[in-house]
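I've put the structures underneath this note.
Each of the next two complexes has subunit A plus one other chain: subunit B in the first, subunit C in the second.
Let's look at the complex of A and B:
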């Protein structure tokens, strides 16, 4: 029995907890991509850089607060700085929409042109971020490192495997739940949210019923800015902040959005977890888990790893390709915003 | 005046580009000019490839990097000498593994056709994959263990590297066919995301499969299609020739090699440009543009849109693969870590859009123009910030930060130029006729 528990704890420690954390981060990112897709109808390639921009401002405010000696221990100071990071990101997307996207919206540019424009914004924001904070790694986490340490868990349960939960993992999952609940409430219960859904379902009908498109677009961008800043900060707290990794995050995020069905917020969240958990599950070495479950003489000699960890990011694309081949509309198709 | 400019727009712009390169030759050095020019030529070929897909057919391929890297793979596989020790260690295992892999693919497709059940297909694929891994893993380990600091891979075929250029085109075309089969016919941005993803997978593969590419250990010292500087310096004929030019032999040999590359590349560019222009002005080219401008109408006229898209996608990717092989040939080394989407995908796109989508001459000009500024923006930006901040205290931290950040200015500049072009001159420098 203890062996089964040990195997489960091992899985929880290395697969489920990190998977849920990363999945939450991807889900928030994918939610932003999906919102832009359903309201403005294009795939926003600049989303990774918007996340990076929000994180950068959160880091700046974190440094400022640390300089003042402000602290909310045991929680990281970055949580205090996050609202300011969100505000900065909102300002950025508003400027971006006014100067860049509005023109193409008014001229009814095709969605591929929008896509290329978003690549342009990716370059510009990426340049700003690298110019302001530099391309190097930044670690801005402070506060208590662990909610539960592996050693404490072992003492508590008497098992030989430990389960460690990092503070950042706890924060990520809790924040993601709150944010997702808020978005759900906003889209389904508020007047603005409902008009957004109406606009995304049928633009002309929505216009006829007196919905102000400029307002819908603005609210969508503001939501996306907040989502991006939160997702970026959570990722940065959990790992570290490096502009280049944020650009690479774009791909798993797109995979999550498509796997769930682009334009469907519920799908985006589910997609985030599907992509994250399978990334880790496919590159996880099951040797020790199986070692607990089978008799000693049958213990495996190889690592029992489907793909080497080098291919971790590639997994999300493989899932993406499989979904594109089998069900291009995603797992939750037929239901948009 | 403006009509004169419009009529003679392309020649004037090309003359301007030529003058800029000459100015670099006079102000900096001729060696720099030809280094720039060689890269400009390769960029122009890549841009032509993208233009075939985007300009002719409106296909948005964001996987340029992957196709270029496949071209690079062709360069090392064709030109490097084979490693018999590697083959002895695990050649059979690799062969067997690849055969099982191919068998798995066919079996999966057959299972799908026969039973139409994805669960069966998944079962076949997983079993086949595990079998392949069981055969290939020990072979890979054995090959990579053979003298890893200098070898540790299977090597290539030891053929002349120029042969690798068409082979690179073939590799890229094969990959494009698979990708096109999956993603074409879906919504337009799915192609973008799928190509972006697959190009990343290709790079991951090249970085990690050491038995095939030496991975991050890189492949250096590729054979050249042109003579080596050292040999030139030793030949008495070349020494005499350098003397009549009044140049030191070292400089002359370096320049001579670069000029030879330029001639080779110009020949390839001219060939591809000729074919592209022929294709664009043929009935086929007209049909492609008709499909691009109105898919529904073209389909109603009986054109098979998906099939034509697949064709043009494969063709364009082949051109990119060719350019990728040429690039590795010019570098003389294959370093998988240098492939990043900014430089190899998005920059090429900027070239096409700024040059003029749908116009081959525009793509060529864009390739020249953008590469020139991509390289020269750094010294210009540095100089600009240096002179703008010259009034500041030289020890000031702000000034140091600005100077340090100047390197990232070109990223921003390219983005801004792209956004401005899309807004104010969406047809580019040389618009489509």
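Let's look at the complex of A and C:
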């Protein structure tokens, strides 16, 4: 019995908790991509850099607050700075929409042009971020490191395997739940949210119903800015902030959005967890887990690892291809909100 | 002059004119029906009164006011309701949400209007929490008409409301349309089922190639041998 529990704790510690954390970060990112897709009808390749921009401003404000000696221990100061990061990101997307996207909306540019324009914004924002904060790694986490330490868990339960939960992991999951609940409430219960869904469902009929497209687009961008800044900051807190990794995040985020069904918020969330858990599951070494479960003489000699962690990024690609071949509309049949 | 009238309308979507000096109108509490062969510009004529194409000549009058240069959204605010032929419901949203979106421009309490729509189409009350995309064709048309009624329009424009529904459902829909007209709303509709539509029409317009061919009461058009022979199949 203890062996089974040990195996479970081992899995929880190295697979489930990190998977849920990373999955929450991807889900929030994918939610932003999906919102833009369903309202503005293009794939926003700039999303990773918008996340990066939001995180950068959160870091700036964190430094400022740290300089003032402000602290909300045991929570990281970055949480205090996050609202300001969100505001800065909102300003960025508003400027971006006014100067870049509005022109293409008015000219009814095709989706491909929108997509390429978004790649342009990706490079510009990426450049600004690297110019402003530099390409180096920034660790901006402060506060208490662990909610539960492995040693404490061992003492508490008497098991030989420990379960450690980092503060950032706890914050990420709790924040993701709150944000997702808010988005669900907003889209399904508020007048503005419903009008966004209506606009996404049937643009012409929404116009006939007196829904103002400019307002819908603005609200969508503001939501996306908030989502991006939150997702980026959570990722940066949990790992570290390095501008380059945020560009790489684009692939798993798009994989998550497409796996769930583009344009479907529920799908984006599910997709985030699917991608994150499978990324970790196929690169995880099961040797010790199996060791607990089988008799000693059958204990595996190899690592029992499907793929080396170097191939982590390939996993999103593989999932993407499988989904596009087998069920192109994604798990939750996307297209509209 | 009629309550809503498009007078001597000439124009089209691009450079070529579809409508040629076409006049259609409808009065409060009346049902006006536009019939004619395929490609006669029936829908175009109706859309022209709703501002969905540019008129080169002619004007549109609504309640004594010239609305020729208003956008469709602005005409909705004035009191016009339009039900497109296709894509006329929000498929991913529930019936109730569809009606709510219909009333988007209203800031007052919409509960009583929604009750009226439910009284008119009882099936919608039953299905109020179901996505409109899951309903049958006839039920969808009811949602579409209900959505347009939510603004409490003075004029309702219907583009082939019975397209693709069974004859039984068609009769049912026509009954509902008569009921709406009795509430004092002007109804202008385009119909493929010319005979049935003219039967309930106070006024009928037979269009051919974007121009008025016959204009009379529904009854008179039904009795007119020329109209019967050419457009109603004898």
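In the analysis below, the second predicted complex is superposed on the first by the 335 of 337 C-alpha atoms of A that agree within 3 Å, B and C clash if a C-alpha of one lies under 4 Å from a C-alpha of the other, contacts with A are read in each partner's own complex, and residues count from 1 in each chain.
Methods note: a contact is a pair of C-beta atoms (placed from the backbone, for glycine too) under 8 Å apart; a residue touches a chain by one contact, two chains touch by 3 or more.
As the structure is a computational prediction, the values presented were derived from the model and not from experiment.
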Superposition-derived comparison: subunit B or subunit C, residues of subunit A touched: B
Under the stated touch criterion, which partner chain does A:317 make contact with: subunit B (first), subunit C (second), both, or neither? first
Return first, second, both or neither, reflecting whether A:204 touches subunit B, subunit C, both chains, or no partner chain. second
Looking at the overlay, what does A:126 touch: subunit B (first), subunit C (second), both, or neither? first
Now for A:326: first (subunit B), second (subunit C), both, or neither, which partner does it touch? first
Contacts of subunit A common to subunit B and subunit C in the A-superposed view none
Which residues of subunit A touch subunit C in the complex? 191, 194-195, 197-198, 201-202, 204-211, 336-337
Okay, in this complex, where on subunit C does subunit A touch? 72-73, 76-77, 82, 84, 87-93, 97, 100-102, 104-105, 147, 151
How about subunit B: which of its residues touch subunit A in the complex? 58, 60, 118, 129, 182-183, 186-190, 192-194, 196-198, 200-201, 204-205, 207-208, 341-342, 346, 349, 353, 404-405, 408-416, 418-419, 422-423, 426
Complex contacts: residues of subunit A adjacent to subunit B: 42-43, 100, 103-104, 111-113, 115-117, 119-128, 130-132, 134-135, 247-248, 251, 254-255, 258, 306, 308, 310-311, 313-314, 316-318, 320-321, 324-326, 328
